[in-house]
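What follows is a set of structures to go through.
Presented sequentially are two complexes of chain A, the first with chain B as partner and the second with chain C.
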Partner chain A sequence: MTTLSLKKITSAWIITILALFVLAIAFGITMRFNQGANINLDPAKFYSLLTTHGVTMIGIWAVAGMVAVNYLLARYVPVSTSLNVFAFILTVVGVVMLWVTTFIGHFHAAWTFLYPLPFYVAWEKWATPVFLLGLGVLGIGWFVWAVGMMLQILKKYSLRHTFAWQHLTTKHDVAVETPPFILITTVSLIGIIVCLLAAVVLLVLFFAEYFSSGSFVNDPLLMKNLTYFFGHTLANESLYLGLATLYELMPEVSGRPKFKTTWYVALGWNCTMVFVLTAFFHHLYMDFVQPVGFQMIGQLASYFASLPAAAVTAFSVMVLVFKNPIKWSLTNILFFLGVVGWLIGGVGALIDSTVSNNIFLHNTLWVPAHFHTYNAMGNVLFSLAFFNWAANEFVGNQNETKSYSLKIVLLLIGGFGFVLMFYFAGAYSVPRRYSVYPQEFTSAALLASAGAWFACIYLVVILWMFFDIVKKCFKVFSPSY
Partner chain B sequence: MKAHEFVLALFLVSAIAIAGLFYYFFLSSRQAADGGGVSNPTKKRFFFFTALAVVMIILLLVTIPKSPYFLFTGENPSKVVYVAAKQYSFTLSSSAIDPQNPVSTEAIELPAGQPVEFRVTSLDVNHGFGIYNERAELVTQTQAMPGYVNRLRWEFTEPGTYNILCLEFCGAAHSFMRTTFTVK
Partner chain C sequence: MLQGVLTFILITICVASSFSKPGDYSLTEESRLYTKISDVELATAQGRFRLSEVYGQSPVMIAFIFTRCSGICSPFLLRLNENIKALSSKINFRVLVVSFDSADSLADMVALAQRYGLTANSQWLFATTRQINELNTSVGFHPVWDSTKRQYDHEALLVGVNENGYIVKKLTGIREPRDLLVMIKEINNDFVLSYPLPRKNMLFSCFTYNPATGEKKASLGLVVLLLPALITLLLLFWFSLKKQEANRAS
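Right after this comes the complex of A and B.
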């Protein structure tokens, strides 16, 4: 059941996430203008912004997926508002700690804080432990929350039913149908729980070395594997949470019958759950000391993780829309475009996850190119769709009359223009994470400026939606609500 | 067409195809009436899935053998170059490098048309070792990781001056960390 307190905490999340999003975009645009030589930041300042931007974006979109899933989960099982509030408080505290380290402490080891860089202190001494603690605070909040949701699901559905294994048998009479939403939420939450556990191990290893005063030293290869297992998995599971929301809401707002769990949906998502956990090996292709078997698993898993997800989800969305009368609204247009952005970003990812391409794409701007495509033009749109839907829900009116076509056109131009400049630069070997470009990359700065201007268009649309959505969200706090 | 341009073209064509298809799906819903939809979706899904799987398997079979781990493995490198990265410079040497006192002995010259080997490590944080040709195209690369030595084998076909750029974020001066060598 959706209670008033659930609406309130969800509103608080939406307002906070969107506010942080606007700021993080502004930092992104600042970085891109710096790379375009339009402004001139001190490199340490640039990398502080890079760290803040990365950690904030990854954080807010992971948690946005959890907010959406938690809200919709209330339709199926009781959900705990206090866990939700607990996660909110810890998230706010964690984000404040992280921003203090980057803006006041000048910490700038990037959001991946690759071992041993955080120990080569080029910032305030306290910033390293506080940054790691800040991540820990976020992690604990989300871990407890994710486990809480998982336990609620398991109270109603048996293990077999949560994973929809009954749909994999040849017997056609399935007594209990697992809603796709429950299946995908389960798969994503399991992934989140596993990667947060890896993060705990990583942080413990960092602190063990930090406090051992030299008697305990970590293994850089192990730490790199752990870092990317955590980072890659978190980023991917965020997307899957967005897809869970899509499965639940898109047919509903389109005025079409709900999606059903069939054997291929069940199989597809069960495969995805396994593949996604080993795809992170593609981050270590250029570490030749890594066992070759892992490298091969990396490419296989990267390819096959996309198969079930694409074949099942993209095809289902196509079947939903194709030659069917759809009640188009901002909400389902955002879902629909999110699928397009996700697929296009997926092609970029697939190209990069091919080892023989990775050798000339690894750590070039091709990497931010593809992940910004499936984030800024994929996952973000899934979450915005949910935010827009929830805001309309709060004011009790899903029938928007305002035209949204200008917003959509500007969003597409701004978003795809922005990422396209990354793709061009990436294909022409321009390195990622460079505060300024060496002169031999003759067009890199120009592409960066153009990307920044496109991103400004994107930001305008986000601000526009921000005001529409936040206005409605504030209503639930009014005493007369 | 060079590999860089090929992947860009492949990406753009795929992206436009996906965008075009979905735009077509969108348009088809605008004049649709109840009872429309995809005919025989289960069968079409099966074909789509099979086609996708076949394409992926072909791509795997074609690309995996080109992975750097399998290149020049049976050959003897005609020259070995030792590389030690350290915030924010590279030491290149034709003899093993003393970690306490890393010094580049001489300018490095490598033969064209013969496999050579770089033994790359780091003396502090993770760095990258990206080899760029005179047209600023990334030719090949490996990571420089403390405590490990990555062996990168390559055969240069074009003589000229090559730049090495750091390709793993290593701190504030990351984008200025570089060196050069020549191929004759």
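Right after this comes the complex of A and C.
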């Protein structure tokens, strides 16, 4: 059941996430203008911005998914507001710690903080442990919250029903149907728990070396594996949380019957749960000390992880909208466009995760191209759809009268224009993570500049939505509410 | 249904495999060690002489590059140059940069030396050779010509040769000064106290390598990598069992 306290904490999350999002976009635009030689940033400042941008984006969109599923989960099982508040406080504390390390401590080892980079101190000495501690604070908050949600689901549904295994047999137990929302939330939460535990192991190993004064050193290969086990999985699971929201809300706001869990939905998501946990090996293709078997697992798991979820969702969404009377609103348009962006970004990811292509695309701007596509034009849109729906829910009015056509047109131009510049640059083998480009990369600066301008258009739409949504969210805190 | 699923998986595996084109790479640093390098004739700006005349005077590190390389060659040479500058000049060795591309002329190599500001540096030699295949084979270097890209597919290889012409150390890739120092010690027949891997203070290596047997084995680090998934699985089953017990009790 949705309580006032749940509405309040969800509002607080939405306002915080959107505010951080706007700032993180501004950092991103600044970096692209610098790469485009329109402004001139000190390299250390550039990499501090890169670190802040990356860690903020990955964090807020992971937690945005959790906020959405936590709110909608209340329709099926009781959810704990205390855990929600606990996670919120730890998130705020964690973000402040991280921003202090990057802006005051000048920490700039990127959000991946790949071992042993954080130990090559090119910033304030205290920044390394505080950055790692900040990540730890975020991780603890989210881990406890995710476990809490998982426990609540398991209190109502058996393990078999949670994973919808009854739908996989020919004589399935129709008396208990697992809603797609529960299935996808479970799959995603398990992935989140696993990757946060990987982060815990990673941080423990970092601190063990940091405080051992040289008596303990880490294996770089293990640290890189753990980093991407955590990072890649978190990025993917955030997206799946967004999809859980889509499965729950899109039919509802479209005036269509709810999605059902069929055998292919159950199978697709069960497969995704297993394969997404091993897809991260594709980040280590260039690490020739990793046995070839792991590289093969990386490529195959990348295909298997994305295909079932993507195919099943695309098919379900197409069935929902094709030749059916749909009550279009900003919410379901954002969901629909989110699926499109996710699929385009997904294809870009699959191209890159194929070994024979990765030889050319590894660490080029193709990488930010694909992850910005499925985040900025995929996952973000899923969460914005939820934020918009929730804000309308808070004010008790789902019938929006304002026109949203201009917003959508600008969003498409800004968003896809922005990522297209990354794709072009990636295809021209322009390397990523350069603060400025040497003259040899003739088109890199121009593409960066154009990308920045497109991102400005995207930012305008986000600001527009920000004010609309936040205004409604604040009403929840009014004494008269 | 099961047949359909199995067919789907089979087709996906076939499609995925067809996309993959694993190269025939052999990046081992152990091949051809302690064998004699081929005594080929070199063409340099200083004149023509045999390789044995170079290593006969002082141990030599040989870097394999080609001048039209759009990949690893430039960063490889750049870093090698930086690292060598950072080392003490008293150390006895020379660096021979050999082009493995028969299309490279001596003029190309001289221009390359100029680009790196190494023309007047007597420690560095830039050379071509007509016997490049012989030299490549003797060090176990196998660049592959890609006619589409008009580039060689190759690794960054540095070969350490001592004063007797024996290959005593090979380094693949762009390496740290620490690795370079080990090579310099090796080619000067100095005692290398220990190699950094495996270290006693590195408890969680993913793999271990036994140089005596050449055997590679999975190690404790892989268990650490599995831990998060195992803990989650145990948590799930534990919650599930607790719930079953509670149901039975009620």
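Convention: the second predicted complex is superposed on the first by the 479 of 481 C-alpha atoms of A that agree within 3 Å, B and C clash if a C-alpha of one lies under 4 Å from a C-alpha of the other, contacts with A are read in each partner's own complex, and residues count from 1 in each chain.
Methods note: a residue touches a chain if its C-beta (ideal position, glycine included) is under 8 Å from a C-beta of that chain, and two chains touch if they have at least 3 such contacts.
Here the structure is a predicted model, which is why all the values come from computation and not from measurement.
Taken together through their common chain A, the two structures put chain B and chain C in a clash.
In the superposed model, A:S80 makes contact with neither chain B nor chain C. Of the two partner chains placed by superposition, chain B and chain C are both touched by A:V355. When the two structures are aligned on the shared chain, A:P43 is found in touch with chain B, with no touch to chain C.
More residues of chain A lie in touch with B than with the remaining chain of the pair chain B and chain C.
Once the two complexes are overlaid on the shared chain, A:V292 sits against chain B and chain C alike. In the superposition on chain A, A:L300 contacts both chain B and chain C. Judged by the touch definition given at the top, the superposed model places A:F424 against chain B, while chain C stays out of reach. With both structures placed on the common chain, the touch criterion links A:Q398 to neither chain B nor chain C. Legend: residue contacts after superposition of the two complexes on their common chain; A:D219 is shown touching both chain B and chain C. In the superposed pair of complexes, A:L205 makes contact with chain C only, with no contact to chain B. Counting contacts as defined above, chain A residues 219, 221, 288-289, 292, 296, 299-300, 303-304, 307, 354-357, 359 meet chain B in one complex and chain C in the other. Of all residues in chain B, only 3-5, 7-8, 10-12, 14-15, 18-19, 22, 25-26, 28-29, 32-34, 36-38, 41, 45, 48-49, 52-53, 56, 59-60, 63-64, 66-69, 87, 124-126, 128, 130, 132, 136-143, 145-152, 163, 165, 167-175, 178 touch chain A in the complex they form.
By the touch criterion stated above, chain A contacts chain C in their complex at residues 147, 150-151, 154-155, 158-159, 170, 190, 193-195, 197-198, 200-201, 205, 212, 214-219, 221-222, 225-226, 229, 263, 267, 277, 288-292, 296, 299-300, 303-304, 307, 354-357, 359.
Those residues of chain A that touch chain B in the shared complex are 43-44, 47, 108-110, 114, 116-117, 120, 122, 219-221, 224, 264, 286-289, 292, 295-296, 299-300, 303-304, 307, 310-311, 315, 318-319, 321-326, 328, 336, 339-340, 343-344, 347-348, 351, 354-357, 359-364, 423-424, 427-429, 431, 433-438, 440-442.
Those residues of chain C lying in contact with chain A across their complex are 1, 5, 12-13, 16, 19-23, 25, 27, 199, 201-207, 216, 221, 224-225, 227-229, 231-232, 235-237, 239-240, 243.
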